[in-house]
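Read from first to last, the chains carry the letters A, B, C and D; within each, the first residue is number 1.
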């Protein structure tokens, strides 16, 4: 990264400089923009809407589970609630969130380019995302779908009489938005890096998004064809998975999980990229083992495609295939462990600040470690037989998705907020909401580990009495968590108008994106920067003064 | 591959007009477009891959039923269609060749030939589909299949219609792409300096041909030797 | 009843202690690594907190030795998880040969049981203590999953296939039965109880039941009713393969494959006969899909299995066709309650 | 995709080979080679596909990155097929205790 001395004094812009926010005005300038930064803000708005919609479903589910008897909503409604919670959160928030918002905004700036390789394709991917979203919203308004976000056949193809087709079309369309974003990132990172920016000088944020893009591009088409087969079977009776014709529901599960397990790495890998940036900036130290962290992202991208069978240990899959998937599932855990150890080692002898993004990074590392280690329970095939399809699994993946991805997403939004909006967020409120989120999260999901081992199955509208106390604790935690997420929404919007103006580099970071003013001009850099050193050069001896 | 961006000066005389603002050189822009199309073709490989997996699983489970059902497909039409697509690949390649040399009339001629061959292919498929309809071989309520294993045969025909239908849809998209190219070529947009759209569409067309190269033996040829 | 706020499930089967032991081992490792990471971060965050804004700490070079250490050591630890988990999984998939057989039909939102001697139950399953029980399960509609948390065992029940589930209860009592695979509107209502009884009480409960004839004999009746014996006869000029001694043996198919004749193969050959035609026979058998209910299919499977038991196999078990109401086919000696749970490797 | 322009005679040669291979695969399908029928049919299909990729799609003259991308796509397809078939092919292996 280009040379940096100690963080410069705050240089407030004297007169209003032209930047990407005020370069043009009017709805058309936003809806037809080809600037990757504006498209990132379009994604930020739509992703936030879906996040709070999915959150609303979560609140209703937790309210229903306060009592053992199913008395708040009917069982059909409850089944639609957890299905839509899953569909909206997975396909419309977790998968697009970090790549489409932070990735779109930052990757061109981090590699010193003016824009992504295919700007029009980038705008098209946002319209495809919103188009898919409209189909799913239409199905929600008209009664939703009750098959679970996994659409298992033969229930989804033959026995469910809810809006399976419309939701399937919605997800099918949104899948292409994910493919186009992945394709755009891969081509951009390959062909548009600034002079001097070799692969091992790339920030780890870019490495993790490159690995994520590989998974998006290689995995998403398989779920697209699987949904096509379900739709074709339901509409035209082309019975590919129909057991009455000799079809095999397990074939659907293989095709579904071939994408859906790598999809969970689409959700967590960008979060790891964000955490690598946060830990280095707020420890003000070079990342420990740069090459190992970079290659662990790539290892995760490859190994994530070999492990999907651990979702099917009890489904009648053959014993020997189960053993193969079990041992491979343990292999995919090693790169994640390497990352966590490297982040911890980075903090050794650093200069650690407790600003809000770092609080979220601490939260991520802690909760992701628990989430990852409970994954070991599920990979051990003999134990998974007991905990499969129980709340143990629900707790595991929420620890990684909410404790991991959403924590890192919040950390990333706060860290790059000055660059995105040119304003500083209120530090006091931000630290308060981070702590509330951490407490609310643990109170919500830790009891579910205990419930899971007790044997409470997933997707149950009513449950035996002895599980009630733990469910009440979980619902209490959910309300705290809900508050924790609403507070940042308020003060971040408030800061757009009333926040203090931010300098080009409020955190003293060495990233290329901090060398351009905040908010940046439309073409990112006045002159394309030349990169001469490694990405995280904070220590005095590493920094050489460049003319 | 230019790992780092090439020098800022655009190469090729017609380059400056067609060079998009965020690229530094025509070569960088061409490398980006071609890499973008190849990555897209990889997604198509996996898109059809899911169907090939379903085919492989069910054929290994019901080999005799699949062979019996495959004998109901018309092999002469299938072989003819394969040849039609191979010729269309040739004309497409020649269209890219003419674009590289800037021969405007040749580009239009070969593109129209490719589209005509694509249309022929779709026509033959339409004929085949109507035959299946009359023979009650379309899965669903009206499915009648002589012989003992009607139900695995219905799975075969479900796969047959899904795979060839998806392939035909890709063929239609390809013809749409070529139509746009013909209109642009008439305005003389393509020459030695800038013919990336023709090149990239050529890649797409050849890919759709390769999918058929695999579909043809898997669907039409498996049962022929079992009389 | 048990206390109202349990934090740990009961251990009621021979497998439960083994699964729980692995569970505690994994918990120990999780606590160790979580504390290791959390405490070291806490220590670094305090010891190296930022004193002043202009402070620039010295860089620390990466260390290859450390990277290799925290890659290889976790790999070895996970290898131990894998071996322990796999050994339990093998035990879960190997029902002992002398297990009593009960057929289970899962239907949208209820469990239907039929004991070997014909006794039928819905959402309630009575089983003897200390005796291996093997469930042969099929589904009439969507995928369900037979799950008894106290036995630490779960198995999906698929339409079109026969799934097997086995356990050996070690503690008397009533245990929850759940459907663990989402199966529609009343998925959370598809629950029931497994009642583990002392073997003597189990025999009297079984004797007092209103069951008509045994599973295998009901199967024999269906076998005759559908005139299966016109083709499936032991003599050489029969048009259908001989079914005696078929179950568990390798079968050579016409298309060259050889498969093991398990319950799924027998059920599939009734419903879709020509999927796996036996070598040397013509695919002339008509399909019985829709003509025989799911229970009937399981009874026929039980009958065909009883034919292989009737063959001069070493166990010398009582002939299946005779009505053996009072005595379970295995005639295993009643185990007293105090006796420690027998090791599951009884074979 | 380099600037390399392939002479038309190469295209015509490849075209001829493809037509011959198509005729061969159809003809061979009528002979009873047992399991070899599938192997031969797929072999010819792979050969034809390779010809189209190398010459018509200019991959023979393209930079190494394009070749790596194609190899990656085929490898991932192989993962999907191999691991799924590892389930379906080993279903009956567990010895059933009679």
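In the analysis below, a residue touches a chain if its C-beta (ideal position, glycine included) is under 8 Å from a C-beta of that chain, and two chains touch if they have at least 3 such contacts.
Just so it is clear, the structure is predicted and the values come from calculations on it, not from any experiment.
Chains that touch both subunit B and subunit D are the following: A, C. More C-beta pairs in contact connect the chains of A-D than those of the other pair, out of C-D and A-D. Computed centre separation for the pair subunit C/subunit D is 42 angstrom, with centres defined by C-alpha atoms.
Rounded to a whole number, the gap between the C-alpha centres of subunit A and subunit B is 34 angstrom.
Subunit B and subunit C have centres, each the mean of its CA atoms, that are 47 Å apart. Within subunit A, contacts with two or more other chains are made by residues 190, 218, 222, 244, 246-248, 250-251, 254-255, 319. In subunit D, the residues that touch at least two other chains are 65, 72-73, 76, 80, 84, 88, 92, 94.
Counting only residues that touch two or more partner chains, subunit B has 1, 31, 35, 39, 42, 46, 49-50, 53, 57, 61-62, 151-152.
Interchain contacts join each chain to each other chain, per the touch definition above. Chain contact summary for the complex, subunit B toward subunit D: residues 1, 30-31, 33-35, 38-39, 41-42, 45-46, 49-50, 52-53, 56-57, 60-61, 75, 79, 82-83, 86-87, 89-90, 92-94, 97, 100-101, 196, 199, 202-203, 206-207, 209-210, 213-214, 216-218, 221-222, 224-226. Residues of subunit C touching subunit A in their complex: 2, 4-9, 18-19, 22-23, 26, 29-30, 33-34, 37-38, 40-41, 44-45, 48-51, 53-60, 62-63, 66-67, 70-71, 74-75, 78-79, 81-82, 84-93, 108, 141-143, 145, 147, 149-150, 152-156, 158-161, 163, 176, 178-189, 191, 272, 275, 289. Contacts from subunit C toward subunit D in the complex involve residues 93-97, 247-248, 256, 259-260, 262, 308-309, 313, 347.
Contact residues on subunit B toward subunit C in their complex (touch as defined above): 61-65, 148-149, 151-152.
The residues of subunit A lying in touch with subunit D in their complex are 190, 218, 222, 250-251, 254-255, 258, 305-306, 308-309, 312, 317-321, 324-325.
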